[in-house]
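There's a structure below that I have some questions on.
Order as written gives the chain letters A, B, C, D, E and F; numbering starts at 1 within each chain.
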Amino acid sequence: MELFNKYCFIGCDKTFQESNVVIFGAPFDGTCSYRPGSRFAPNKIRIDSYGLETYSPYLDRDLEDHKIHDAGDIDLIFGNKYAVLDSIKEYASHLVSNNKKPLMIGGEHLVTLPVVEAMVEKHKDLVILHFDAHTDLRGDYMGEELSHATVIKQIWNFLGDNRIFQFGIRSGLKDEFYWAEKEGHTFINKFGYDKLGEVVQKIKDKPVYVTIDLDILDPSIFPGTGTPEPGGISFQDMLNIIKMLDGLNIVGADVVELAPDYDPTGVSTAVASKIMRELMLVL
Amino acid sequence: MELFNKYCFIGCDKTFQESNVVIFGAPFDGTCSYRPGSRFAPNKIRIDSYGLETYSPYLDRDLEDHKIHDAGDIDLIFGNKYAVLDSIKEYASHLVSNNKKPLMIGGEHLVTLPVVEAMVEKHKDLVILHFDAHTDLRGDYMGEELSHATVIKQIWNFLGDNRIFQFGIRSGLKDEFYWAEKEGHTFINKFGYDKLGEVVQKIKDKPVYVTIDLDILDPSIFPGTGTPEPGGISFQDMLNIIKMLDGLNIVGADVVELAPDYDPTGVSTAVASKIMRELMLVL
Amino acid sequence: MELFNKYCFIGCDKTFQESNVVIFGAPFDGTCSYRPGSRFAPNKIRIDSYGLETYSPYLDRDLEDHKIHDAGDIDLIFGNKYAVLDSIKEYASHLVSNNKKPLMIGGEHLVTLPVVEAMVEKHKDLVILHFDAHTDLRGDYMGEELSHATVIKQIWNFLGDNRIFQFGIRSGLKDEFYWAEKEGHTFINKFGYDKLGEVVQKIKDKPVYVTIDLDILDPSIFPGTGTPEPGGISFQDMLNIIKMLDGLNIVGADVVELAPDYDPTGVSTAVASKIMRELMLVL
Amino acid sequence: MELFNKYCFIGCDKTFQESNVVIFGAPFDGTCSYRPGSRFAPNKIRIDSYGLETYSPYLDRDLEDHKIHDAGDIDLIFGNKYAVLDSIKEYASHLVSNNKKPLMIGGEHLVTLPVVEAMVEKHKDLVILHFDAHTDLRGDYMGEELSHATVIKQIWNFLGDNRIFQFGIRSGLKDEFYWAEKEGHTFINKFGYDKLGEVVQKIKDKPVYVTIDLDILDPSIFPGTGTPEPGGISFQDMLNIIKMLDGLNIVGADVVELAPDYDPTGVSTAVASKIMRELMLVL
Amino acid sequence: MELFNKYCFIGCDKTFQESNVVIFGAPFDGTCSYRPGSRFAPNKIRIDSYGLETYSPYLDRDLEDHKIHDAGDIDLIFGNKYAVLDSIKEYASHLVSNNKKPLMIGGEHLVTLPVVEAMVEKHKDLVILHFDAHTDLRGDYMGEELSHATVIKQIWNFLGDNRIFQFGIRSGLKDEFYWAEKEGHTFINKFGYDKLGEVVQKIKDKPVYVTIDLDILDPSIFPGTGTPEPGGISFQDMLNIIKMLDGLNIVGADVVELAPDYDPTGVSTAVASKIMRELMLVL
Amino acid sequence: MELFNKYCFIGCDKTFQESNVVIFGAPFDGTCSYRPGSRFAPNKIRIDSYGLETYSPYLDRDLEDHKIHDAGDIDLIFGNKYAVLDSIKEYASHLVSNNKKPLMIGGEHLVTLPVVEAMVEKHKDLVILHFDAHTDLRGDYMGEELSHATVIKQIWNFLGDNRIFQFGIRSGLKDEFYWAEKEGHTFINKFGYDKLGEVVQKIKDKPVYVTIDLDILDPSIFPGTGTPEPGGISFQDMLNIIKMLDGLNIVGADVVELAPDYDPTGVSTAVASKIMRELMLVL
């Protein structure tokens, strides 16, 4: 008699060996400046994923037909962000060196930094598709250079210009927008994603890393996040975006900033899970 | 000195005799596979309906000008779905034989089955308009044939092809979609209701039963349900749908799958109540 | 070493003397007929405003470049609405006589009445732009003439015809709509704001008072209010409205009916705060 | 086929005529100085009372063996406390003149005033047993004489010394305690009820009105109230108190200050309902 | 690099083979008459158990020094209680035949029935220690013999008199108390556990099954349950009870009726987890 | 006309100069291992303190008769605990050098470390009274020496034996208890405070620092904390403890680990506020 004792996202119970996509959680929220709790996202997403079907009528594909392994969570130390970032980078490098595509569940946005560091060692001309409400382009946050508010700037520090494409942005300092828009260090599509099509065309031969800060979504459908910012895109928009990514050479991705305890209805987690499913089906 | 002691939906305090529409509750959620609690919907809808006005500016009609009786809830036995279904069918038949149009408040979706069984005895060529996020077309759910995931298939078992029209569907097994779309056993309008107009034309001479699983709505506006499925229609869409039904020969209807305890803001119940009001005004 | 001990909306820490806009709270909800709690709005908005940036990418303006003072809350007496209204009027008159533009945070909608009374003493030809889900045009509510359901009618009593412009209205008695639409005592734009452009043209030389009952917004994005009414406008719509007001001679404004305890996600307060920011940037 | 459509506390479905106890709700919270919402108590208590049994193993008595009628709620006008108090007094007088014992469900504590006024017309030597966390002995609250913080002082105004017995009191102004304890205008048993036994002996020949402000209970078991005050008595203490009242000539009673929306677990309402049951069984 | 991917209660990660205690979940709540949701208990307990230490200072023992396996959850079918009970019995029999002591996490109380059926086949003179707020001794519940309100009566049907010992009972029908107390079919210790010491003496040579309906606890510390019943024992009492059981020949146990969604603070789950830990340490 | 714009605990609005006690907040929760959010405690306590009276009937003293200044919150940087600890130490030293007694509101328990460091520079023979559910005596937590789980051990590192007295402890590693109890490095009173009287006698000539981790309280009355641990002391116990401290030479104190977002009823904050009031009245 078989019991249910799976610790994995629905339909992602293949072995590490046979899989080409590996899910892992990075439950860290230590630099979050407002409402913490994204540490609880990976576990909550796994559990609530069983409220989904494995089949997507949008893409007419089924998770069960894919080779995906859910490896669990990295055991992180609260209160030492340097050790945290090292651990994540180490695991991401392990995946890269085994030819697995990482799909990370945050945690806060800073966890993206070490994964991109690991990815770029293999994929020299990596480009970043960044979906977010916030610019994340500060040089420092109250003196700290490593923060969820500086992460994209940190990535720019080693990638440089013309490598980062930002969508949905609707909040930031005046200086951040100026730096991105006027000085042109990143490509920035304010408020929406109307220029995604042309960007997709431009980068279609490059290896792409996709980082989705879920607060790009409007808080009506995604209230469970650290810094809800009204005026975001709809869930339907997010599905359109993922469809537009289909065909790109995506070598890794992450989904960050779900703070499930701030949404007692559970809908934010349902949204994150469904985005995970669709994203896996285009990876 | 008159006290308030009404146990009814606002404006629905006419007697059984004088009314042609009769509201009743079927507070059963026994086969719900994920989050239970739709048993609490009828009572919560009655109470919160007093936050509404009886007048609809959308339709320029007023509940007070209609003859509607709210009969209360069927006393159901948890843990015996057969007895539950029998009780509902018995009461629905009682209404039909008294020439009353039933408007049932669920409960989970399985409660629709016995009402349709009662309706079809009188209205041989009954057609079903089904609004839902889910196909509900499984043959069985873990071996059980009677479930909220199989209810439309169960109805098809005695109605057959060309009698069931499904709208808003965005979740199901691949096989369910195949059975409906490829084999053509039901008419299925995925994701939205763009084909509702032509369907309304086609069935305008038939007696129609309308079953609304409220999870057709996007969880941004309707999080209080058993299985929230992001990507649904808006409340404005639902109003449009109801306006499109005006003029059809609707002989009965239901509104199911509100689980009010999963929405601490109370908005899901406000939505259900307002849909009830609009629906009554086109019955 | 400087500590944080500001009791003000983010970026609104200028002195009373140097400012031309003065924020104050009117935490009264005594005539609220359904869910009370708008008394808690001013404090909650101040605290949560620190989750915002002071810079608006929509308007490309920054609160820090404006002269705004947050004066705190009027100390109101629960259980005596006459004393409450007197206190508010006294403070509003104080602002008017010092050539400050009032920006009041409610409280329920009745608090608008004394501010308009104070404003009209200076601005004889004041017109009212009223954004709301509800008509608020009852002559009395259960015999009481002063209520959040009668406030616009009360204002009409001394302003008269052609001075009040209502947008977003989707709930009221049949008689209220008749009085406004058929008898033409107010301009009423049901459901949306498609006629706002022409109204703005018409009143562009008049002093304008803007009163925003936040329940004009759809409860998907703004559930935290006394009487949530599904079918409202989106947050994006609200931003559009504020942009359309830019250039008008706005002499005062208020934002009312946030009841923060009914939204455990905190999103309703985030919405109210962001609308406050945008509104200040066009004042 | 019988449907459930009772609008009453469980087991309290006798007719007005045959009953000697009449329950009614007074859903008013207009002078509440902190968290409002006791207006929602009567309805919530009725609904949740069906989670109780009618039989009390503590008293070995059953509600079904008693003659109790639940009349519903007085239709009160928010925003006019004078009209509210008049309506309550009128209904309480109606009960008294029909030889019914009133059992009122608040609402806030001010609603006790008109009932005591009505009672004392018939029972000249009425004494008050007052259970509460707060003294409620202010002369005025911010200038207002009629408030939930002044209600017992208001009652003292016409009853005078030696008629009011207060238990469980643990919060108030220094002056209130002085007035009660040093000047001896009321009997005050701070923190607990250790002197209840001797008081019961002293008043056993008098007609007694029992007013229970549920915030006498510790907020661990009763968080759902306007002003939670840690350090209260346990539920077991409350049962002991009610047993000690058995045998007194209780001519009326009330249970006030449940604010159900502040307790998402529903336990506060369960507590209120069970206290109602036990209280009815000793009336 | 090791990731966290355990699907088990903290410290219970031994293999099935090496363990003598086996935890499993029975997530069924289909006959629950009031608030459903105990189906979510096993998973929530596992996750929140990581907020505990494995060491008990009460017993000076550590889970890590014991051999306990957490097998996961039985895959149950909602809507068919007969199939559910069969599955549970089958798994419990499997454990018994492998000389494992079952420790089941409910689900509602009906799930105890099949485990006791399985246990008694091996332990002919099994006695039951039953801790609960409710008698659970109904012959039927609305006609149904299998219900969480009848489960102890069902067990009595095959065990007979002098085999069932009930503690903490404070709610039931008058007839149930009469049947137990006056007719003596079960030993019933109302309200508390003052007679537990003598019962322990009496049964110390018998195989014992311990069933803990967590609603025996006061809702102040355990609000997250289907039918909260004020007036229960404290957590400290529960610890005392478990210490008193130490030394008995306990052959199996269960912990039922946690409905975690009804306690947003998470304390009810923390309580359940800590009782699980202590119970395991005396098994 | 005076408006309410105080950013301080009720009754603590004296100037820095005239006060001998200074309240400040340290909103840091960066090493919290389970549920974060104690960063929100200082602000929430200030706001909700206005639900209290300034007069304590327990001590017959009034905050208004004391000289207390509420300075606001230290502006801390999330993600850099070293900078955080430095800022706190700097401010505490500032208070000590101005002969002010600090009363800090956490934040998590690690914030106690820098205050004690500052205090001991002036009060060489400082002793610590530590009230907590947890030992906090780990040498490191996952390799980190600075954590809310190691804070008391860190303090011991420079204070040494016979200087730390722990009460209410009911959770920890076996090794921590052994180190404290068997090796005698701290005085540890498990589960309660029955030995507090003798400790008070022993230290009555020493300068005393009191650190209260509010999770010493039972989660029934204090669920809003990072790691709720059932089996704690009651609020009445806490009042007793504070009375026992009256007369000691307390030179500083703190109240930590309130995480208000985990208690939707607000009771945890009311508890923290009342403990603050009583504590100030014995300082």
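Observations on the structure shown:
Everything that follows uses one rule, which is that a residue touches a chain if its C-beta (ideal position, glycine included) is under 8 Å from a C-beta of that chain, and two chains touch if they have at least 3 such contacts.
These figures come from a predicted structure and were not determined experimentally.
At the interface between chain B and chain E, two copies of one sequence, more than half of the residue numbers in use are shared by both copies.
Same interface as A-E, judged by over half of the contact pairs sharing residue numbers, among the pairs C-F, E-F or D-F: C-F.
Put simply, the C-alpha centre of chain D and that of chain E have 38 angstrom between them. Averaged C-alpha coordinates give centres for chain C and chain E that are 55 Å from one another. Residue positions of chain E touching 2 or more other chains, listed in rising order: 35, 75, 218, 220-221, 262, 264. Taken together, the touching pairs give a contact graph of some other shape, not a line, ring, star or complete one. Annotation, chain-chain contacts: A-B, A-C, A-E, A-F, B-C, B-D, B-E, C-D, C-F, D-E, D-F, E-F (touch as defined at the top).
Per the touch definition, chain C reaches chain B in the complex via residues 34-35, 169-174, 177, 190-191, 218-221, 223-224, 227-231, 262-264. For chain B in complex with chain C, the residues that touch the partner chain are 51-53, 55, 57-58, 60, 62, 218, 220-221, 235-236, 239, 264-267, 270-271, 274. The touching residues of chain C, counted against chain F in their complex, run 1-8, 24, 43, 47, 70-75, 87, 90-91, 94, 264. Chain A meets chain F in the complex at residues 29-33, 35-37, 39, 75, 77-81, 83, 110, 141-144, 146-147, 261-262.
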